[in-house]
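Pasting the structures here.
Common to both upcoming complexes is chain A, partnered first by chain B, then by chain C.
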Partner chain A sequence: MSGYLEGVLVLLAINIVYAYAAFLPIAAGQLNLGIAGFAVIGGYFSAFVSNQLAVSPLLAIPLGGAVAGLVGLAVAVPVLRTRGIYLALATFALGEMVRAGILNLEVVGGAAGYPVTAFIRLPTIALFTLGVVGLVWLLFSTRFGIAITAVHDDERVADLMGLNVRAFQVAAFTMGSAIAGIGGGLYAHHFSYIEAQYFSISLSISIVLYVLFGGTQSVLGPLLGATVFTLLPELLRGSAQWRYVIFAAILIVVMVVRPQGLVTGTQIRRLLGLRSEFDRKEQAT
Partner chain B sequence: MTGPDPILIFDAVSKHFGGLAVIEDLSFSVRRGSCTGLIGPNGAGKTTVFNLITGVYPIDTGRILLDGVDIARIPSRRRIHHGVARNFQNIRLMPHLSALENILIGQHCRNSGFLGVLQPVNLIPGNRWREEARAALAEAGLAQIENATVGSLPYGLQKRIELLRALMAQPRLLLLDEPAAGLNPAETDALREDITAICRDRGITLLVVEHDMHFVDALCSEVVVLNFGRKIAEGSPDRVREDALVREAYLGTAAAEQTHA
Partner chain C sequence: MLGSIYAIVGVALTLSIGVLKFLNFSIPGLFMIGGMTTWVLIRHGAPWPIAALSALAVGAAASLVVERFTWRWMRTAQEFVPLVSSMAFLILFENLAVAFWGSELQSVPQLFGTSDWRIANLVISIPQLVGLLCSVAMIWGLSAFLTRTRLGRGLRTIAEDSNTALLLGVDVNRIVPLVFVISGLFAALAGVLFALNYRQVHPFMGEALGLKGISAMVVGGMGNIWGAIVGGLIIGLAEAFSIRYFGADFVDISVYGLLLLILIVRPTGLFGDARTGARA
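This part shows the complex of A and B:
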């Protein structure tokens, strides 16, 4: 495999992990614009652990995810009191706070960045990605997935049906934070170097776009969105400096034609052959 | 005031929104196993009564006793665990979920623990809860739409799914807010027969808000009449119809009905 291809696939695998980090809170109706902040926590923590304690990245990366998840849990309760644009702002501020904090943390190199000794390649990263996708898919095959969508669709009715709305939102936010931490750990251990500047708001926004583009209503949406966002600019390399213009134009067209994202729950049910009379009618109209 | 063996007692309940009294010192009871109608002109506070029972709004003063437990002091989320379920005047299904998944949401209060939430209802085809929900849809003649996204379904079907969702909670007390609204006479009759049979077979007590007086007459043994948040009459539909205050509140409608009769 060429170095270029491996590089693209590594990026793809990491972006898919990030996409699921954003997907979980979005599926529960909560926009988390601080994904990069949780990724940087997981990245630095796993790098620190594998550097200082000579722990295998296979253990250090999940540990970084766990720490990012714990931070997510700690902030979820106050942060999720805000809604809509205020929640987006609060999570944005949170991500920037974490980034600024690490920039000033001399023990991990501060603004100079932090070199990582242990190195992982595509197969290991792909394994982690498969694990994350598999776990989220399993989770969404349970009552949890239905409950999350119910909370997203109508909080009031979900509450009256006995769902602990707040608990589901906190759980989704926390799990998303942990997954973001795993993504950060994968990044740090592949590129052998991590710096807080990279994990900026623009990364968080890109990640949220993967999910919005792919579709927020089905588990396959983030996978598809991250894939398109990662591979399309590469495929357009032929046209040099115009590629980002073309890429942006394609995004705009898709969002106009399919504001619900590329895939929806209804479509998945159709693909699985679970068609119903009324879906067919809807399709016809 | 309190009849024999009440399942629900409204005891001197008041609710104000700012300076506006929407429910004023309201007391009534619902006899276990009965089908009680809650009627009154628009804005009388009928839906507010449902919202107070289920905890959409907290009450200001008074008590709401369900089998002796003051559910007004229980968080809204826990009230369905005490056996009270409802539908909504404007259908409120989860539009992104399929019909079957909406029914599964109705089972949530029987599955709300950690392990219940992790029930693999969409993973294992023969899952007990999934099969129960499918059977309920099939029994209602809705098997062919179980995988349809509910947002795309016609109004009448959505109404039936919402009723099924409430029944999946296995309530002791079912609150129905205008179940016959938007249905044609044939559908209304079918609905009345279904509701009667279901409540009788499962021992469910019914409290129903409805504008269609023929529906109320045929379905309900007892009626509570509200106007401006106060109770103005209660009793059998026939007795209530003769009540002077009720006739006054309903003057236009009552006069019209009498000329038709």
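This part shows the complex of A and C:
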């Protein structure tokens, strides 16, 4: 496997992890614009642990994820008292603050970045990615997934049905933050180097775009979105400076033509020939 | 002075979120368009008032294009969709600018000589003063338009509830583009002021400023125009003070820390309306 191909695949795997980090809160009707912030927490924490305590990356990375999840929990509980866009803005503020904080933290190298001694290759990263995708998929085939979808579709009705709406939103958000932390840990340990500047708001925004582009209604959406977003700019490399222009134009057009994202649950069931009672009724009306 | 630019960008954002419940991410792009257009025209020898006016016109026109793709054709879509499209427009505008003019930092020529005005120890630069007066006049005009005119009333009805507004005979399809034009004008104005005062433009100049504009809007309370202005000044002051007392490295920590604190303690912002908070 050539170095270029491995590089692209590693990026793809990490982007898929990020996409699921953004997917979980979005599936519960909340927008996290601070994915990069949580990734940077997970990345630096796991790098610090594996550097200083000589812990294996296999342990350090989930640990970084756990720390990012805890921070997510600490933010989600107070901010989720309100609704709508406020959580998105708070996560955005948190992400930028974390980044600025780490730039001034000399113990992890400050603005110069932080070298990481341990190194992991594509197979390990792919394994982690599979784990994350599998976990989210499992989660969404349980009652939890149904509850999250209900909260997303109509908070009031979900509340009337006896679901603890806020608890589900906090849970989805916290898990998303933890997954983002894992993504950051993978990044740090593959590239042997982590710097806070890379984890900017632009990264957070593009991650959210993966999910909204791929579709927020099914677990396959983020996978597809992250794949298209990682590979399309690579394929458009031929046209150098115009590639992001073409890319943005494609995005705008797709949003006009297919605002619900590329794949939806109903569509997949239709393709597989599995029609639920609900779909049939919907078609009858 | 930077505070007043944040305030103007904040006004553009707050108008969009107050009326349309839509965080318009293309506004930082429009800010950049305002600044870059000013630079391009001045470089080609246009006098600065013409460059500034054309930049405003280009900003408003670009905002109308954004309206088509994020609002007109998307009214039935999910709430996140306009947000995505407006982010895509930001990427589009930035990279178009890179494709045409390269990604380097460009400097706008000094236009006003040494036009500083000294009162005792206070140094006031004339272009800054003129910029400040211009923006106060425009914001005052906007405020009067919203409260006094028939169109302004229609606009505020849409802000309350767009379906009811439609039922009451408000021409939503005519007023919504107007909101985009106004916010495009304000974003471009901020860009022009930035270009003329700081004499530097580049394709990605909108990002950092747009983020500060969002902070200004939230600190003041979303949907509240005067709140955005006070918020912009607070953010500007917070920056200046943290540079003075903690050093330049801590600017972002203190600005975004302030934003996070306000969101946790008083999510509707300093002057926010509790109802907007519940419905936004």
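Quick note on the criterion: the second predicted complex is superposed on the first by the 275 of 285 C-alpha atoms of A that agree within 3 Å, B and C clash if a C-alpha of one lies under 4 Å from a C-alpha of the other, contacts with A are read in each partner's own complex, and residues count from 1 in each chain.
Everything that follows uses one rule, which is that contacts are C-beta pairs under 8 Å (C-beta built on N, C-alpha and C of every residue); 3 or more make two chains touch, one makes a residue touch a chain.
This is a predicted model, so every value here is computed, not measured.
Aligning the two structures on chain A places chain B and chain C side by side, free of any clash.
With both structures placed on the common chain, the touch criterion links A:Leu80 to neither chain B nor chain C. With both structures placed on the common chain, the touch criterion links A:Phe144 to chain B but leaves chain C unconnected. Here the apex is the CA centre of chain A, and the angle it makes with the centres of chain B and chain C after alignment on chain A is 90°, in steps of 10.
One of chain B and chain C touches more residues of chain A, and that partner is C.
Using the contact criterion defined above for the overlaid structures, shared-chain residue A:Asp154 touches chain B, although it does not reach chain C.
In the superposition on chain A, contact is made by A:Ala248 with chain C only, not with chain B. When the shared chain is aligned, no partner comes close enough to touch A:Met175: not chain B, not chain C.
By the document's definition of touching, of the two partners only chain B reaches A:Leu163; chain C does not.
No C-alpha atom of chain B lies closer than 11 Å to any C-alpha atom of chain C in the overlay.
In the superposition on chain A, the residues of chain A contacted by chain B and by chain C do not overlap at all.
If you check the complex, the residues on chain B that touch chain A are 54-56, 76-81, 86, 88, 92, 94-98, 101, 104-106, 108-109, 111-112, 116-123, 129, 144-149, 152-154, 157, 165, 169.
Across the interface of their complex, chain C is touched by residues 26, 31, 75, 78-79, 81-86, 88-90, 92-94, 96-97, 99-101, 103-104, 201-202, 205, 208-209, 212-213, 216, 241-242, 244-245, 247-249, 251-252, 255-256, 259-260 of chain A. Within the complex formed with chain B, the residues of chain A that make contact are 138, 140-147, 149-150, 152-154, 156-165, 217, 265-266, 269, 274-279, 281-282. Residues 17, 23, 25, 69, 73-74, 77-78, 80-81, 83-85, 87-89, 91-92, 94-96, 98-99, 207, 211, 214-215, 218, 222, 249-253, 256-257, 259-260, 263-264, 267-268, 277-280 of chain C touch chain A in their complex.
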